[in-house]
Structure formats: C-alpha cells, structure tokens
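Next come the structures, one after another.
Here chain A shows up in two complexes: once beside chain B, once beside chain C.
Right after this comes the complex of A and B.
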C-alpha cells in the first residue's frame, strides 16, 4: 500500500504522529516525515492516521 | 541595515480580558493588533495576528495551557480536579495513549453514517416551531440539537437530553471569565455528570459489550488498567458528553447571529444547501465560540522580539487572528469565499477531537434551517455570555415567515 500526504492541506497538527507513530514523525526542523510504502502489518496504523487527520490530507492507495 | 529592537513586554498594548465587559471583537483589540502581533493581558500574552497564531499553535516550545485555567481563576473543586486529569490537560505519551483510544468514536466515517440522522433530528426540532412565526433559537433548537447529537453518537437515551443540556451549560460556566463566582453551580453539575457516567458504565458492563465507544472503553479498561484506568475511563465519558454539547450549542447560536446580520447570505444558503459546510467554516472564522486557544511556554525563548519566560500563558486569539487583514484582506462575511484555515477547533496535538461531528452536524443544521426559516430576523433582545473565553448566546429570540 502507498501513502501520500498532500502538503498543501497539511497544517502540521501532528495527529498522524500520535495515531501512527511507526509511520509518521516530525524532524528536528519541524518538517513532517512519513513512510511511503506501507507494510501490511502497519495497514491499520496508516488507516488510523488517514482517518484522524483534521485536514484529511492523507490518502492511501492499494 | 535594519535592526529589530527587542520590545519590552511592559511596552505592549494591554487588554483587560478578565473584565466580563471586555469584547474580543472590540476596536480596542483591532487597534492592539495594528500596534503589535501580541498584547499583555492579566493572564499573560494575547497573540493577535494570523501568522503568529498559526505558528505558535504548534510550536514545540509551548504546551497546551488550559490545564492551568482553574488555578488561574483561583478555583478548586470537582470541576477543577476533573479538568486537570482529562485528555486536554495531558501531554506526551499519556495524551497520545488516551487520544488514540478516543479517536475511533469521532471518526469521519462514523459521522458520514450519522448524517441522515442529523437531518431527521434537525427537521423534527424545526417542526415544533416552523408554523409559528418565531422561536427562542437556543432553547428550541441549539440546545436540544447539540445534546441529542451527542446522545445519538454515544448511544444514550434521548429522554435524558434536557438534564444533560442543563449539566453541560452549568459546567460550561467554568470556561468563562466568571468561573470562580459560579463554582457551586459548576461543581453541582460536575457531580451529576460523574454520577450519570458511572451509572452508564455500570449499566453497559452488565450487558453484552458491543462495538460502541462505551463498550470499547470498558473492554480496554477490563483488559489492562495501564491502558485505561477506572478514573481515566469515567473522565473520558464525562469529556465526551460535556465537550460536545455546550460548544456546539454556542457555535450554532453564533452562526445564527452572523446570518441575522447578513440576510442575503442566509437566502444564498437556502438556495444552495451544498454551501452548508463552507458556512460552518466562515462562521467559525469570524465568530468562534472558542475565542482563544491557550498555550504555556515550557522553556524561556524569544519570539519576534519578545522575550517569553517559561510558564508564561499565551492566549492565541482565534477571532482576532481570523479577522486579521494581513491574512484576510477581504474582511466581509461570505460563505462562498476561499479562506485560509481558521482556528475555531484549536490545532496541533490538542486539535478538537469532535470536530468531524461538530462540522457534520452544524452543516446539516444550517442548511436545513436556512431552507425552512425564510426571512429570518431578530425577534427580541438576545442575552449573551461575556464576549471572551468560551462565548455564545444565553437566549436568542428569532422571527421568520411561518411555514404553510
């Protein structure tokens, strides 16, 4: 499964970091880092992150 | 070469936000916003401009600051104790654990599935007054609607709505600037809600657990006290009930207040109900019930020439920021305009948990109200809470053309 984050929508709330700590993190400079290709074992975390994003900026494919 | 001179905090404009007569929408605030990006208040610093509010909302040198609200008001008691324990006051790993647990109960998928039920509820309430030519909007619509949406969401019997609405309204006084003087009323209501939540949990426990929010909390608590303690469970139920009622009630009243002043926009919404969602966003931009979002400095730092000491409270003024001409050069109320995001649901790690529900139910309500209450106008003298902290109408009489 592939995960995309629309950075035009992202407001850096960090709800994805809370919901899916194995897939999202903030770098030292405050930028958002995420895993683009999701292993099946982390599918639920990815779906939780997509669900919870206040701006609905996360999309999952596959 | 230009030099930025450090401004001393004592040279900043002063806003007496503690005075119940103070208005967040006063020219005084707009003047202060022109003088500086921030002002002094009796609580600390008020941040007034859009860019600074947006950046500070998620600045890691600040923590959520509302946890200190009872102490700031010299308030103790049942509400103050609950407030200091609950989700909004937690940080770090405890906050993340509780937030992950609560998230599924407020997911956008769930809200989409409830949208038809919101419409049925809105129409049922409007039926009770549409054939007359007037109503008291808060009592006749905003209160029962906001409360019964929460009943639907949490699987509570709708018959208890009146009691829950009264409890939420009394507890809501804690979030205004008159907190201290209202403590007896606030704490009596808090005790009632804790009793109700404890009964609710005991009752659900005695039956087969399902997939609803309450069952999920009970299962987690039964399996592992570390994942959710008994206290955390009841605190969470109290938050889920209280958090959604008073805020939505007030925000709906403020929406009607905006449309009373802009009848052409009301007619436009009636003609184009698909603008309902945009109407909610535009209302929350200029007339949010949460007029400020609170942060506290966890370290000493300097920001835009101002030295901010560890422990300083910063109130991020959502209304002032979202009417900042730097970010919104076209200041008018326009539900068709493309706007930058507002801060009516806060932001960052503590972004409102229930915002999908609030957006969903208010979208449905406003679109249906606009369609059915033609030629809406003020029907008497409204009563208002102080225009700072969590604000809204106490009562809001409206008139309209009766439905035939």
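Right after this comes the complex of A and C.
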C-alpha cells in the first residue's frame, strides 16, 4: 500500500505522529516525515493516521 | 433478517460510526445514516478559522470541507435532510420528519449540538452563530471591513471568530460575562495571557459584563448592545458564541438521562441497554483516564474515538458476544488557531487545579509568539499539556509530561 500526504493541506497537527508513530515523525527542522510504502502489518496504523488527520491530508492507495 | 443499525446525525460522529461498523464487518446495507442537514458530512473547525476568511458560496465551502467517503460507507443508506423527530425505544423505531420510520436493532445517537442564542428580540439579519456551513457563509457575508462586530462569549469559537473578523478589517469587541477568555477550558491564567495577545492584535475585550439588551432602530436594524454595567457598544454584526446545547429533544419522554447530552457508560451505551449508544459532542461518558465523572467533551477527536468504541460494542452485542473487556480511556486533544498561532492541547486542562510553565513564558504577547508549553495538574497529577505557537515536533515532545 502507498501513502501520500498532501503538504498543501497538512497543517502540522501531528495527530498522525501520535496515531502512527512507526510511520510518521517530525524532523529536527519541524518538517513532517512519513513512510511511503507500507506493508500489511502497519496497514491499520496508516488507516488510523488517515482518520485522525483533521485536514484529510493523508491518502492511502492499494 | 440481518440486524440493522441506525445512526442519527450525519456529521463527523455519524461518519466515523458508519466507517467503524463497516470495517468491523457489517454490510453497508445494514447501516442507515440519518442527517438533519442536506449535506453529506463535512468538517466544522475550518468554519471559524482560515476558511472563514475566503469563504465562497455554500457549494464552494462544502467542496473545501467535505469528508471523503470510503466506498463501503458511501454504499450505506443515507437519509439526508430528514431529521429524526422521535424514537420509540420500546418498539425500536426511529421516526423521520418526512413521516417515514426506520426499525433498528441498534441506535447510535450522534446528533451533536445547537448553538444557544441570546434571549433578546430584534436585529435578526445581523445576528449570527457558527455551527454549519450556512452559518459560516452568512457570517462571512456580514464581515465587511470597518464593520463593528460584537462577539458575545469568549470560548474557542468566539475567540477564533473574533481573530478572523479582526484580520478581515472589522472593529471587534468580545463580551464575556465570566473573566478571561477560554478560562473554563484552559484556566484563568493562560486565558488572561491569550487575552493580552488578542488585545495586541486589535481585539477589544469587555469581561465580567453581560449583554442586557439589543439596541435596534425602529426598522429593527441592530445598532448596538447595552451591557450590564450600563455602557453601550456599537454593533453592525453580533456573533452569539455563548455555548451550545445537545440535540436530544427527539429522545425526550422515554426515561433517558438527558440532563446534559445523552448519558452513556464506558462502552458508550446508555446504561442498561444494549441497543442505544451515544457518540461525539452529544455523548456524556466517563473516562477512567481521569475519574468516574461522566463528561461531554466538545473536541474534534471525540467523535472518532467514541464512534469506534460504540461500534465495537454494537457489533459484539449483535453477534451475541460480550462487549470489549478493556476500559475505554481515550486521550482527549484539541487545537485552536487564533491570530495565526496554533494552540494544541493534550488531556483535559479544564479539570486542573494548578499549572506550571514547561517552556517559554506567558508574560507578554511577544513571549507567547515565541512559543510556550504549559503543564496542568490536578491534585499533583499531570492531566494536560498545552502548547501555544510551538513547532509541532516540540509540542508533541511535551506530551511526555503526561507520563510523569
């Protein structure tokens, strides 16, 4: 499964980092980092992150 | 026949309920979502924030705020624009405004809140609340540069609306009968610091006074408001942000505790019933993360958290299985954007009895702009952290305070 974050929408709420700490993090410079290709064991985390993002910036494909 | 679940309320809570039910194995055809509004679910927080600044017409606003519908949710039964007017809990029937009825095996209540109004007549076309797309679009039309805007109520929605109106060039005064803005949610000290920030950005405050009456001319046009200390404020626009009441009237007369929303247990069930559930802003439920006191929590995260909990219990019950054993202890969180600064909270600052500054200083608008973190304790125990204007990574790191 592929995960995209639309940085035009992202408002840096950080809810994804809380919901899916294995997939999202903030770098030292404050930018959002995420894993783009997600294997099945982390699928639920990715879906949780997409659900809690208040800006609907996270999309999952596949 | 396969069991049927009726979800009343087609906003964030109703949407999350439908998502959770279908992801837990119900077929879309077993789920009906009833909504009073004619729109599919959309997101409310932008309505008082950035979106309000450049809000177009209603279709445009809907396009910018609509939630994505997963295919299995889109395939459920949607009854939009037809509010539930009553439920018969004995025969398990929901009555809709068009006269139709829906039988259910489980009923999930996600009807949210309606803003309270000031109990004064007059000025109807210049008075606004903020809950729906229509509310926001109407208010946006009225927020013209140079207009005198009076916001009554300095909660989050009032403060956000005031900041947005000031940015749009309006002359803004906030009237708050209690003390500092947002004090009930985040405490008097932090509220007072944020009041200084608002003041520095041109928003005036009149605290510890209430609105006594509206001043209208003979044609009924609003001219101003008279305050309880006898002074008057000019007003072209009046924003009523004095809080909300839970939409539970349609459930009255059947012995439910509706004193402040729908009283639920830790499984989001109405105590003693396996067929009636509350979700989101309307639900009053205990969170053992803090104590046994049932509370209504009006934050965006709550519909998602409570919908999943309720759906797990519904599906288990329909399958004749016991409800989930683990306690439901969700961490509440909320954010607010005012004057371009993010306020982010984790936990329940409202229940704290003391605060400590963890980073930065609340002293002046300038120190606040550089970023502040505040820890909240109750009887010595950490119950919340609040970050103002901190970069997201740093705000998140302060969550560790809650584990102390």
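The working rule: the second predicted complex is superposed on the first by the 62 of 62 C-alpha atoms of A that agree within 3 Å, B and C clash if a C-alpha of one lies under 4 Å from a C-alpha of the other, contacts with A are read in each partner's own complex, and residues count from 1 in each chain.
Everything that follows uses one rule, which is that a contact is a pair of C-beta atoms (placed from the backbone, for glycine too) under 8 Å apart; a residue touches a chain by one contact, two chains touch by 3 or more.
This is a predicted model, so every value here is computed, not measured.
Chemist: Go through the superposed model and pick first if A:27 touches only chain B, second if only chain C, both, or neither.
Modeler: second
Chemist: For A:54, using the defined touch cut-off, is the partner it touches chain B, chain C, both, or neither? Pick first, second, both or neither.
Modeler: In the superposed model, A:54 contacts both chain B and chain C.
Chemist: Touch check for A:12: first (chain B), second (chain C), both, or neither?
Modeler: both
Chemist: For chain A, give the residues common to its interface with chain B and its interface with chain C.
Modeler: Common to the two interfaces on chain A: residues 11-15, 18, 26, 30, 51-52, 54, 56.
Chemist: What does chain A use to touch chain B in their complex?
Modeler: Touch list, chain A to chain B: 11-15, 18-19, 21, 26, 30, 48, 51-52, 54-56.
Chemist: So in the complex, the part of chain B that touches chain A is made up of which residues?
Modeler: On the chain B side, the touching residues are 54, 58, 60, 95-96, 99-100, 103-104, 107-109, 341, 345, 347-349, 351-352, 355.
Chemist: Going by the contact rule at the top, pick out the chain A residues touching chain C in the complex.
Modeler: 11-15, 17-18, 26-28, 30, 32, 51-52, 54, 56
Chemist: Once bound in the complex, which stretches of chain C touch chain A?
Modeler: Within the complex, chain C contacts chain A at residues 16, 19, 43, 45, 67-68, 300-301, 304, 333, 335, 342, 344, 391-393, 395-396, 399.
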